[in-house]
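Below, each structure is written out as structure tokens.
You will see subunit A twice below: alongside subunit B first, and alongside subunit C after that.
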Partner chain A sequence: MSDPMIDEWYPVALFSKLDAAGRDTLLMGHPIHVARTGSERVAATEADGRSLPVRIRYGHVWTSLGEPKKELFDIPEADEPGRRLVDVGVVRVRCSPLRAVENFLDIAHFPFVHTDILGAEPHTEVEKYDVEIREKEDEVWATKVKFFQPQAAKSAAGGITTDYMYRVPAPTCSVLYKTCPPRPGEWDVITLFVQPLTEELCDVWPWMALYDDEADMTDLIHFQQMIFLQDRSILENQIPRRLPLDPGMEIPTRADMTSVAYRRWLKRHNYTYGAQLVAQ
Partner chain B sequence: MKLYDYILSPSCYKVRLLAALTGTQLTLRPVDFHPGGEHLSPALLALNPAGSIPILEDGELVLTESSAMLVYIAAKAAPEWLGSGDPAESAQIQQWLSFSHRLTASLGGARLVEMLLRPGDLAALQASGVKALRELEAALAVQRMKGDIFLTGSKPTVADIACFPYVALAPDGSIALDPYPSIRLWLRAVRALDGFIEMPGIHRLHELKPEPAKETA
Partner chain C sequence: MFPNNWCKWTPVALSADVPAGTVIPAWTPTGDVALWRSQSGQLSASSDRCPHRGMRLSHGFVRGEALACIYHGWSYGRDGACLRIPAHPDLQPPASINTRNQITTEREGIVWVVNEAQDEPPPSFDGYWPLRSMTFQASIAALEAAAGAKADISGLIRCTLGGETAFLLAVTKGEAETIVHVLADKNASLAQRIAISQAGEQLRRDAESADALEGAN
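So, the complex of A and B:
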């Protein structure tokens, strides 16, 4: 496999739920085993016994089949005191891992897929926002995104215009920052960590770091599971199944500028696991 | 009435759906089924030794079977959901309530394996799910030929609500509904009911939704 995605970090287990018996799973088509070896220790091994590098971060166990050239990306907000860290739990989706991230980046679908929660008709217009590939960090960023939402978060009582920032720090991970209703001026952090099982199958591990002292933890988990499950049926029906990286194939609209930047960034790095390179 | 509820559970959704359709107020008590496994906690096992959700509490009454909950809500708030009282129809409704457990075990089982990575024999669950769907399709086709859209007549009953969610969510267990035209029409009829509510994976009928072909981009 020459794809440089092999040297990236991927989530492979929820740390709090991992026991000594561990979990057999797949990473980019390779069977691996992940298990707890101590109170703060885990091990990941390939079928031939080769041990893989591991990290425990953001509630999850991370590993890589290759030799990571960079440390796992930083989410500075994750360490801020006072945030509730929410393990949302795994959901398997029959889609390309890159498709899962692309859908997460797209706000135009909110009124149609997350009706009356993250969006509502007739408020379907996406206002202009900024998208860039930040060279120093080597990340995709979308900022100044604004969208009217009937119930933006578990802690939002009524409709508000929500500010968003999207960030792609790794090919199958995205971090979303959004208006935090109980603490104006701060951002809630909602992530989508995607484990590529194969090019058309993934385990998705959403995770959150929120300022919300009121809501029950189960309510927070269920709100995010509800949102993600609404996406799941859409994701499983996308055609083509892999993410097209041929720019000739799609006509960009303002609403999916982030998707265009994401694809451009993937192409630049030759990140193609889950991508479709020729038009079909 | 207090419902121990999980947003992704089709059995819990049955109860929420009938409550919405009959204007019944429910107090929801969310249970961390996934990833927490709270349904197996001592507190919930004390309430329901079977370790399943939903659980419905109304005063002293505790119900742990979703079909019983549907019957209770209907009897209290909207008896027309129990049918006309005709003996054959009442018996058929009971028949479908029992049948719905096969849907839960097969289609629901396949969905838990495929979606939430619970253990199970996926191929066997899918095969028994398809068998149940074929029976349902045959019965609904007969209903259509009689001019009836619902399981036991021209009006929906608790039988339709009991069978609806796991069938609608069959694709979550990688079982396609394309081969079953009568089932698809019936699903649409349920979704078109006044007061219908959705759950993740079961969308409401959208007039403004783009054509599927355009959605894929």
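So, the complex of A and C:
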């Protein structure tokens, strides 16, 4: 495998749910085993016994089949006091890991897929926002994103215009910052960590660091799971299953600037696991 | 079977299965289609892939005279042209965005689709009316063997189902999948139609197990 994605970090388990018996799973087509070996220790091994590098961060266990050239990306907000850290769990989706990330970066689908929750007609317009590839961090960023939402979060009672920022620090991970109704001026953090099982199958591990201190934890988890199940009904029905990286096969508009930058960034790095390169 | 040398049209569904204001998935040799009927009753067959981000249009919804995609709500008219992009309500969508619709027609309760204009209309089956559409996980040869009849030159399989005469319109979808539209006498009673329909299910089991046996050998 010459794809540089082999050297990236991927989530492979929820740390809080991992015991000594561990879990068998798949990473980029390779069977691996992940198990707890101590109160703060985890081991990840390939089928032939080779041990893999491990990080425990953001509620998840991370590993890599290759030799990561960079440390796992930082989410500074994750360590801020006063936030509730929510392990949402896992949703298996029969789609490319890259399609799962692209869907997470998209707001134009809110009124149609998350109807009356994250969006509603006639409030469908996507206003111009800023997108850039930050060269120093080597990340895709979208800022000044705004969207009208009937119920933006578990803690939002009525409709409001919500501000968003999106960040792609790794090919299958995205961090979303959104206005936090109980604390104007602060941002809730919602992440999408995607484990590529194969090029057309992935486990999606959402995770949150919120300022919501009222909602019941189970309600928070159910709310987020419902959103991802709605997304799954889309992701499993896109053709082709893999993300087309060459222009021409799909038609973006201005609302898709984040997706366009994401695809360009993937292509630039030759991150092609889950991508379709030749228009068919 | 259809299409064939004499008939380029493919029977894809029964008219009754696509009421006004609905969309269903269907299959043609050119590819999957989203078959939809506008509020005023006009039928269209759009390719089942939204030009925007590839979502299946058969998961979409019909509003008025347009088909809308469930992902971002782009809507398309009967000629396939994109009419509206909800994320940019003031934008006139470029003419190049099109769902490449095929040609549809209906005859005696059957929807037929073809990808280029034909001089000949699809065939008519005088005195018969479609009962139901079924998908067999079996080859057409297994279907013919189970029905004890071969397709005639026009592509029609005439057989006996539940003691009644029935016609089968078969469409080959890949090597081991066949779509079958079952036709029965127009004047068949409800009891007779039920008998034919149940015999159709037995036929499916027979054809599918014949193919499974063959695969095991």
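Convention: the second predicted complex is superposed on the first by the 280 of 280 C-alpha atoms of A that agree within 3 Å, B and C clash if a C-alpha of one lies under 4 Å from a C-alpha of the other, contacts with A are read in each partner's own complex, and residues count from 1 in each chain.
Everything that follows uses one rule, which is that contacts are C-beta pairs under 8 Å (C-beta built on N, C-alpha and C of every residue); 3 or more make two chains touch, one makes a residue touch a chain.
Everything numeric here is computed off the predicted structure, so don't read it as measured data.
Q: Could you look at A:T161 and tell me whether it touches subunit B, subunit C, both or neither (first, second, both, neither)?
A: In the superposition, A:T161 touches no partner, neither subunit B nor subunit C.
Q: Which partner, once the models are overlaid, touches more of subunit A's residues, subunit C or subunit B?
A: Looking at subunit B versus subunit C, the one contacting more residues of subunit A is B.
Q: First (subunit B), second (subunit C), both or neither: which does A:N270 touch?
A: neither
Q: With the two complexes superposed on chain A, say which partner A:T37 touches: subunit B (first), subunit C (second), both, or neither.
A: In the superposition, A:T37 contacts neither subunit B nor subunit C.
Q: With the two complexes superposed on chain A, say which partner A:I234 touches: subunit B (first), subunit C (second), both, or neither.
A: Both partners, subunit B and subunit C.
Q: Quick check for you: in the superposed arrangement, does A:F112 touch first (subunit B), second (subunit C), both or neither?
A: both
Q: Regarding the shared-chain residue A:H222, is it in contact with subunit B (first), subunit C (second), both, or neither?
A: The first partner, subunit B, only.
Q: After superposition on the shared chain, which partner residues are touched by A:V126: those of subunit B (first), subunit C (second), both, or neither?
A: second
Q: Where on subunit A do the contacts from subunit B and from subunit C line up?
A: In subunit A, positions 112-113, 121, 233-234, 237-239, 250 sit in both the subunit B and subunit C interfaces.
Q: Enumerate the contact residues on subunit B facing subunit A in the complex.
A: Residues of subunit B touching subunit A: 6-8, 30-32, 34-36, 38, 114-117, 171-172, 174, 200-201, 203-204, 206, 208-210, 212, 215-217.
Q: Which residues, counting only subunit C, touch subunit A once they are in their complex?
A: Interface residues on the subunit C side: 48-49, 51-56, 59, 69-73, 85-89, 91, 96-97.
Q: Quick one: in the complex, what on subunit A touches subunit B?
A: The contact residues of subunit A facing subunit B are 14, 17, 87-92, 94, 112-113, 115, 121, 203, 216-219, 221-222, 225-230, 232-234, 236-239, 250, 256.
Q: Of all residues in subunit A, which touch subunit C in the complex?
A: 106, 108-109, 111-113, 121, 124-126, 233-234, 237-240, 244, 249-255
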